[in-house]
């Protein structure tokens, strides 16, 4: 529904108070906005109210540029809201960072090219050149930016320049094997999505399938999360798992894991593109 | 949350119109009801609005007996709502019908006795006496009502009398191997919950595990649904599945299936007890 | 393991008798074959013994061309075996049939190109030309063979000629929306793999997601099976499912279903390529 | 099959060598044992061969008491096997240790009483008396052995005496909230089965659901493992998971977790009873 018409999406969080749902939906109704979906959640422990509401702009009587100031004045300020407003005709621009593994890149690009993701992918950045042919295959610019411990600072600056040049809104790390610096992350807060190949918090860090095999688990998983300065500890967007057995070697774990990584990353990216994610206290709310 | 305090639960469905969420939440706020949860859904194809809202009655300014007529006047009538109101301090009374298989009965009674279900179980009815000792074990009345094709009418009347005597609100068929008559079902519309041992609509009718084995499926399932006069075709409340393999015989399917049946039935019963289910057009909405 | 060295794979089924495992493994040991894996299964109801055994050929003392006649004489004949022998250095050749939906094709080609499937894909056949650009993108020949009710016979003949020309061993229907004739199937018995977008036997035939939505199921699935002349009734190789809810419309079911279709089809294709499937009585054994 | 007739079960592990499967199955065939199932696995990294084979004793020509010495002489010694032999008419005796939580106890006892487990349960030991009524309900002896830091040594001795008195073969910790001492565990090596309420190795130790909620995971799990002197680090027998969301509070996690704990523990206990588990290098092989 939200993609078929020009739609506004508001995400809110604020201290829980009486009447917020009523006030917000009133605001939309009053100006003849046809509500497409409402999802709200109250975390009673944290006394936190959160909400996502979307409405069809076709008959909305308020000019687009007035929505933000009006909403801020009549709702944002009185309820101490942190809130965002997006329009579905503003297509977000996504960069993909890769190293050598191709499975997540292929999966993202196939979804992009077939129209499953409502997004633009103007550029792929690799610290290796291995996957450049795939970028070519899909007609997307590829920039090779090798990184060593010594060159990290300057190379990350280059990356940021490229992201700026391509007007990138958010970054997906599709099995990118470099740790981003705090400085880089600060440029894209809650805008860098990673896929980690374990069900976090188990097996954080390097070589999780080796660790899983050694521990003898009966289930492996993957976790997509927003990147924070704490390695593999950012807010989790999505996780999934697959059963394994004693028959699996490290190499079959790696193979089976790829399918989970792809699906978990794609779900997280989709939720982000559709503005269904909200982060607070290092956790996420994923709205319907 | 809803069980900790005295809570009102309203479930609504009506033609979709602007402003319903705002009007309903306003009504509660106005009388100082503290909203615990709201979940709404619009089926755009059917133009159907549905909603479940619950609020704490502690500070609610309207006497309990006035809620119904007031809500009907100001909301129910104008919006052509079909709606129900329940209070969590009114504990529903559940009867369990059984034949010979014990696994679902044990599971329901263990949940009941440990306080997992907010429900009363005053009586168990069996068309066989096999499970009477389990009823005794848990201190619950057991009534043996054998049924044959010839005695069905009169025996169902007895069942209805017993349900009346024990003031039963709804009935759970815990692998009860008799088909209820239309007349019986009409006494308990959307109040009889069955567990069928297949992922419906596959393998409706008798001996689904035999049929699943014959067909060579790689997954078996179970389905809990409200009973209608169409056999195994009522609105589905919950389903789940388990992977199987060529190694499974019919008897291991039956064994593995028991675990799915128990969990699916218990989730459906819990959703019903908590008033999270809403039926329309032979489908269910399961509210958060 | 099996892919790292030159390996022989034998699949057997025959009436169950004492000593078969011992005789077969003896045969391999005697000629200094190092067994990599053994998996056997006895279906006691059908009195059917089945087995898959693979061994490293590095030190195997018998010339490759003598294995078949010797095995037949000393094992096949005495035990009335139906059996096959394959070598992992004989790479099977797979054709993909498509219509307009791209998701399964992308998924198969990405796995193929990244080396996940040990297979050759010389040709893609489409009854529409829609996906020709994807074939080009991956550097694979695409043949457009439109089919109408009137042209079906002659067009299928063309398809068979192309399969012959490209020396195709087996065919994957990647959401190919045409029913193959009995004559076509007879040319490729247990060699045509289909993906059906429901958990069969539920929702066989056209538009399964529409049917699933109408029935109000809480789980959708996909099924990969060998194609037989009975529509959607061939032996099932793999199935998987995904949970859905009342929030899902037909279009989100179709979207969510794609992910299951891809993964189920790829697992089935992989099992076939690795010679892990064995069909009997319209069911499959999937060896470890 | 194995439970229907008098069956012998042999579990083996040893360095991988040619011909073991042939030799072992030959041994059984030679004495007219009808093999019911064979499952073998080679861990090529560890060069470890493992196998479970079961056969019907009806026509077996060797007296039962001669099987062990003969097998040891002709197979165990030459192949440096570690192996065990069991007969399905020797019913193992299982003790259950509990604290206050009832869900796993109920589940185990319902399975026991309905004949799902081929086991005897002569005694339940609790460090609290809370669950004594449930033991009574099922007609099983209950012994209350309270434990404090000061009394641990002497109380564990009492427990061991009771296990001896009741001729207990293995112990199931059904949410028993005490850590067993090294000395206790040494009396029952690979004979104490625990259920931990997280997907280990994530959230080892106390209050895993609180930790899971804090971390914001989207999946919770449970793990059944053999108890070793390393807390929550013993060989894993079985794991399973359930999806959760931001809507779940700690208390709903605890509630949803119970269902996973029950099913994971029961599968592990069943695998142990049926002699399908084999431990090596702190991992398990679970035979078919």
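For clarity, chains are labelled A, B, C and D in written order, and residue numbers in each chain start from 1.
The rule is short, and it goes like this: a residue touches a chain if its C-beta (ideal position, glycine included) is under 8 Å from a C-beta of that chain, and two chains touch if they have at least 3 such contacts.
In this text the structure is predicted, and so the values were computed from the model without any measurement.
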* To do: Go ahead and align subunit A to its copy subunit C using Cα positions, then give the rotation in degrees, nearest 5.
  => 180
* Asked: Does the subunit A and subunit B pair touch with the same residues on each side or with different residues, judged by whether over half of the numbers are shared?
  -> same
* To do: Find the chain most remote from subunit B, comparing centres computed as mean CA coordinates.
  => C
* Measuring from the mean C-alpha position of subunit C to the mean C-alpha position of subunit D, what distance in angstrom results? -> 37
* To do: Let me have the rounded angstrom distance from the C-alpha centre of subunit B over to the C-alpha centre of subunit C, please.
  => 42
* Structure fact -> So subunit A residues touching two or more other chains come to 44, 247
* **subunit B contact footprint on subunit D (complex, rising order)** => 1, 102-103, 106-107, 110, 113-114, 116, 137-138, 247, 249, 255, 258-259, 263, 266, 288
* In the complex of these two chains, what residues of subunit C are touching subunit D? -> 1, 18-19, 21-22, 25-26, 29, 32, 34-38, 40, 42, 44, 243
* To do: Show which residues of subunit A lie in contact with subunit D when the two form their complex.
  => 41, 43-45, 199-203, 215-219, 221, 235-241, 245-247, 249, 282-286
